[in-house]
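Next come two complexes, and both contain chain A; in the first it sits with chain B, in the second with chain C.
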Partner chain A sequence: MATEHGTETGFETEQEYVETEDGTRRRLAFVDRFPEAARTARICLWIAFAAFGVGALFGLIQALHRTNTLRIIPSSDYYTILTGHGVLLALVFTTFGIAGLFHWANTRSLGVSPTSRRLTQGWLWTMSIGTLLAAGTIVGGLFDWIPASADVLYTFYAPLEAHPLFYIGAALLIVGSWGAGLDWFLQYREWRSHNPDARIPLQSFMVMTTMLMWYLSSAGVAIEVVFFLIPWSLGLISQVDPLLTRTLFWYFGHPVVYFWLLPAYVVWYTVLPKLAGGRLFSDPLARVTFVLFLLLSTPVGFHHQYTDPGIASGYKLVAMTNTFFLLLPSLLTLFTVVASMEHGARQQGAKGYLAWLKDLPWERPEFSGVALAGIMFAAGGFSGMINAGMNINYLIHNTIWVPGHFHLTVGTAYALTLMAIAYWLVPQLTGKRLQFRGMAAIQPFVWFVGMVLMSNAMHRGGLAGIPRRTAEPQYDQVTFDAVVGTVGEMRIQIAIGGTLLFVGAMMFLAVMAGTWALGKPNSQLRVNGSIPEPLSGAEESPRVLDNLKLWTAIAIALVLLAYGIPLYDMVADGILWPGSVPFPE
Partner chain B sequence: MAPNRDRQPRPTRRRLLAAGGTVATGALLGATAPAAAQSSDFDGWFDDVDNYDGVVDRTGESEVTVEVGVDNGGQPYGFGPPAVRIDPGATVVWEWTGRGGSHNVVAEDGSFESELVGEAGHTFSHTFESEGTFKYVCIPHEALGMKGAIVVGGGGGGGVSEPDYDGWFDDVDNYEETVDERGNSEVTVEVGVDNGGQPYGFGPPAVRIDPGTTVVWEWTGRGGSHNVVAEDGSFESELVGEAGHTFSHTFENEGTYKYVCIPHEALGMKGAIVVGNISGGGGDGGDGGQETPAEGETGGGSLIPVPSDFVGWFALVIGGSLGVAVTTVLGAESYAAYRDHAASEQAYVGEQATEAVEQEPVEEIDGDYDPLGTAALVAGYFVLIVLLWVFMYFVEFIGGPTITG
Partner chain C sequence: MHVHRFERLWFGVSLVLIVAFIGTIIYGAVGPGIAMVDDSGGTVEPSVIADGNYEQTNNFREPGVYDTEDGVEVYVIARQYFFQPGTTEPIRVPAGEPISFHVTSPDVTHGFNLAGTNVNTMVIPGQVAEFSVTFEETGEHGIVCHEYCGSGHHTMEGQVVVVEQSEFEGGEN
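== the complex of A and B ==
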């Protein structure tokens, strides 16, 4: 199926087209070109959406509980719900959604089916079992008759201890994702054997750079879980060093946000321009962006530990500098993606300096959702700069500002992008026409309005000093002074915003369930899956960009520079020392 | 039955169950021992009231005076005395001292409310007919601890039940029930006994004594250093680990005294001394005998409301019939809509799934394209970021230090 015609999007051959009854010549949908890959991607997305539904419900419970609007759970269960919300959404919804999206993107852009069915089944089962174990132990915290719990929040800091099955489940989920990455690299190797001189197709390039970054960074959490937390929770070792395990967590914990974000970038660079009616502005800029993320994502984790004692300020300063370098690829993306949308609008005849904005196809949810996610990310980028600044981080550290920030990034840039692109992709993966399109068309706006309300109030609440991660953020001794607005008004906005977000999530799931249940296979779809050539193609970029070995080597070197000495410092006084007994015991 | 739920081994869900258990206990007590079910446990109501020193017994008097605006921790924001026990039918007269500005007397349950005045000699009175505990505050000075309570009835009788510890023992594995040591003038509590497999417990954790009894805490020497610190600050031992060390305190006033070992509080090393005939259920227990549906909702004791009278059954039958009718109609409509929809979807089904035909652009723009609008938007974003940074640095810190010092 692969041909010598090696640019990433031009993978079209005559076999892909059929003559339909009405005489038009139509391209076969992805599901009929790559049935196996489509099935794998579907399974991944269904699991992701199921986790999303449960996680969204947990989110609603928290929003109403925290704001004292409706408290249906005892406050001691809040932390179980919070852990479930974080893990189901930021680990399961993301990882499975990304696996589904990448499986499609890599297969589509290489034009090669996955090479080993056994490998595909292996990673899919590993990830699924891991999810069941981790989610099961968390939910066990809600029921007395289940002798397991994992109320350790998303970050599972030692000495907070979960049931061993939680750590084993989390480890399996990550190991499974490594298998998925291997699947995609083997696909690439197969493609390369037929195309020895061609440039790597853009989507596959993005998938592989993201996965290389993921291998490098998730090694940290794998070491933390496998070598420290699992033996510790099984009682094989009596204590672990909280600082060392936290550091290993954040070694993974910041790059993981790019693991969530880069799939959204894949969509923004490769699909959004087409949805806007145009073409990608520049393929080389897209490649540069992904290479920069591979290099810079990992040596920055200390900026989550600005208030941690035991880490010298100098290391934190290095991490801050690296973090601010990361603004560069995101700002490149801002320019390239908006320029591509403008190109689309102008190709559809839009005029004016900014008037083209209103001529974009806002009525189509696959476009409006992705574009609104991008707008939200621009706001999230600003609050991220505050988080990263070592001095002003102290102003908002561990306040509700931080969840306000990441609900814009993973909670909208990733989540809304995945939902919106599902309106376009799921029909291609199922051969079923999208159902409830009216509901789909307003869903991104419901999400957007809900997030504007909730996130702005969370940010301002953080400036007023309201803490995060607490069931009852009210204290007799403290009055929170809002800079703008009042605390009561913020609580109302958070409650209404959280409710709208839940409604938006349910609308999305209704559309997906409706498409699954009411749509008929082998239909003539409303969407078209071909992706046009970029305005400035890969041939205009230096070939060294495709040298993934080189970039991986530099990324490892940067990690060694940023983490080598600090980790040595922590390990030098005894690898489990200073330690702490587990809690709760 | 219900009280056993308090001793579930795991902390989660416990609070809900405990609430259910409490109300169920209250209901039981209300039904079986109404005379004993009187509470002087104010659930932390007097935690921030410095001049609270137990309940003053004024039973046998038909009129009792409480001063409004007496000294409370150095400030004239107190009721004197804050807690009084009276007989049912007695009248309480609040008399303003004129100190501390304007005050009022407002019942927590809304059953009485005075005007807000500051004048000395002003009075307000209320007659309490029914038994129970009536908490009240001076609204302007509530945050300063100007709170009081009137306990109507009770005070006698030997029968007591487990006090309402308000979840205090939820995470204390070695708590089973309150050990009754009344009649002894000295009672010993061990410090550092087994508590769920770890030496972080008091033995026994809960003890009931008579007023005037001395409690001696004796260290076992296990579990490292411990101390004994009252939640209300009324007693506090040194922090020691040595076996045989003792600490003692004599309890003069009725009440429930909760205490902890500060280093091991999170591990459940908590205890309580109950002085006098304090029982659980308390104020709620009085009404607890009636099996009303509302009780099931508030207490979590019964999750399925079952009607208890004709009106309830009538409403259930009529409502149920209406529900069935509406469901049937909606179901039939939905099925019809589903069939129509399926038929129209069928028109698009072919041999294989195919994509839509790609739309041609209105005008092809290839090489010669300058994204000027994008440049403007990006510039606007930078301006916005600069403004927000200015806000962060200068507006947020108004009145405080700025980056220039």
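== the complex of A and C ==
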């Protein structure tokens, strides 16, 4: 497809308009072509952004409390706030943001509307009610007159017990996401009936492989919650095995990380090259990457349990090997992202080995945000390699290094990518021009600087042994010796960084609220949704890549290999044994 | 399928990197002998620990430091919100010889980390975490509970004091 690269990042093009029969021009932005799907995507994104706002406020409270900068809550309530921060950001902001993005991506790339309005409404309501139940019980922990609480953090390790409504809400959120996946697969089936021989469009391929991975992995937490924690919290069974339930959690707990990241990858592969002024380097390798994630994301969960007793070393070694091979698709992505950006810059006339970097459109927040998210993810990848090493993990396990790491991954690679792409996508979903563009242009940099300050200090704090998940990391009998810098200086960086991140979050929400409230519908947009063809297209890749049944079967086989015997070991001595009664009793 | 020359090169280098990483870990295990916390500590009913009926188990003794024929054995209970021993009285162990730790919990999941070192384990009800540590130097190490265990979690701490072998007085064996 030959297009002028210069116009691809600019205002909507002539392709976005058609002549109608009465001779007027009609626009064909996403909201015009698929009004119903655009509405669904908008609802998902608004709920995601609302959760993001509250979660960000909780994050600010924690950053200031932990560093002893400003304390507005007692330390015992810190954990309620922390639970809310984790659940709202890592489960609600992500799941709804992903649903909105995927609903757009699948519909756009297939060119087919979702097939069942009732199904769409069903999963939206299920996810929303689940969110309200879970968030309501968490907030209940702050008020004595509310009889429910869920001070269990977002990992909810038994035997710490939450109110049953918390578990029911979490289960509904996940079941709702399964319904969303069904919606997208039915859309694909509809498209396939009209296109029997065509290759699966790239974005739809990515959506479906991600969801297959999600079905396979979220089954673990669904079993944990539905068969163990809900009956246990209702008093129907008296005890659960803490090791078994946390193993089921981590069976899900690592792939969920890729459930957060793969939507960012969808953007990096399919939209970022265009925003940089070029096109995707290679469609086949994008498919290979997503297939590798489907295969390897799940049989790795034991790497979160390297320091757990009750699990033989061999199982941990298998998980570690898989984990390191999981680096491969991310390293391939790094290549593609950088190569696509460089190609885009050179198409615009940039020269030099590194000088092309400065010719990229850094003034456009949809580009700068996505690119900065990619850079931060590279840093997060390196600290993740430390986490993945069985023996060096001993030094940093459950220290503040770990949240330092995942604020680079889910907290930036996912979060900043979603914010940045919202600057580009929300106009197409609403038909309104983005408002407060000046604020939007600096917002990604505010987030980036805030995260550099906070995350580097958290990593270094972890090396000194400062624990995560604690309201007051100052003890009488423990001293923390910083390897680089001082503990006091780290505190200052965390406080300033956390504050900047909160400011960045509020700037983003102001732009979104402004666009929603002040933008005029049916405006001529400054963006267009056309995505140029890759340099190397799907027709060059083997058709077996599109055989989703084959890849799913292999993924299941790998999971059985990695988890079959260890899970059997845990249940062989009794499914509920050795068991624990709920705490607080 | 056409793959760009640079991309093939990158693919190869990535694979080498991955294999090298795994190699260093394997070396750590078989060379310096860094062992993982595993299932060697066995299981124990949490209510037995909560009630102090240690005689009903064969893999956990009354909390304390024991100087046995097989070396120094330390039995620790991590509970809301203290280590026993560790919090009210430090765990005193000798330098220069392997110390076997056995840690379990009668209530919720805790952590046991000597801050800034690689002595680090989860403490899970029903499981006994067993690991061996050799302290080369005398001195004090702070114990931190690094897993959220309830509203008083941030108060849960303790201490290990490493003394010269001549100053070490183990409990009865």
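Some observations on this one:
Quick note on the criterion: the second predicted complex is superposed on the first by the 560 of 585 C-alpha atoms of A that agree within 3 Å, B and C clash if a C-alpha of one lies under 4 Å from a C-alpha of the other, contacts with A are read in each partner's own complex, and residues count from 1 in each chain.
Here, a contact is a pair of C-beta atoms (placed from the backbone, for glycine too) under 8 Å apart; a residue touches a chain by one contact, two chains touch by 3 or more.
If you're wondering where the values come from, they're calculated on a predicted model, not measured in any experiment.
When both complexes are superposed on chain A, chain B and chain C end up sitting side by side without clashing. Of the two partner chains, neither chain B nor chain C is touched by A:125.
Superposition on the shared chain A places chain B and chain C such that, viewed from the Cα centre of chain A, they span 50 degrees in steps of 10. Of the two partner chains placed by superposition, chain B and chain C are both touched by A:583.
Looking at the shared chain after the overlay, A:324 reaches chain C, while chain B stays out of its contact range. Legend: residue contacts after superposition of the two complexes on their common chain; A:469 is shown touching chain C, with no touch to chain B.
Legend: residue contacts after superposition of the two complexes on their common chain; A:353 is shown touching chain B, with no touch to chain C.
By the touch criterion stated above, A:481 is placed in contact with chain C alone, chain B being left untouched. Judged by the touch definition given at the top, the superposed model places A:76 against both chain B and chain C. By the document's definition of touching, both partners, chain B and chain C, reach A:395. Closest C-alpha contact of chain B with chain C, superposed model: 5 Å.
In the three-chain superposition model, chain A touches both chain B and chain C at residues 75-76, 151, 281, 331, 335, 339, 385, 395, 463, 476, 583-584.
Residues 18, 20-21, 24-29, 31-32, 74-77, 80, 141-144, 149, 151, 277-278, 281, 331, 334-335, 338-339, 341-343, 346-349, 352-354, 356-357, 378, 382, 385-386, 392, 395, 428, 430-433, 463, 476, 483, 518-530, 535, 583-585 of chain A are the ones touching chain B in the complex. Chain A meets chain C in the complex at residues 75-76, 78-79, 82, 151, 153, 157, 159-160, 241-243, 246, 281-282, 284-285, 305-313, 316, 320-321, 324-325, 327-328, 331-332, 335-336, 339, 385, 388-391, 394-395, 397-399, 463-473, 475-481, 536, 540-542, 569, 573, 577-581, 583-584. Interface residues of chain C, counted against chain A in their complex, comprise 1-4, 6-7, 10-11, 14-15, 17-18, 21-22, 24-25, 28-29, 34-39, 41, 43-47, 80, 87, 90, 107-109, 111, 113-130, 140, 142-155, 157-159. The part of chain B that touches chain A in the complex is made up of residues 8-16, 143, 198, 266-267, 338, 341-342, 345-346, 348-359, 361-367, 369, 371-374, 376-378, 381, 384-385, 388, 392-393, 395-396.
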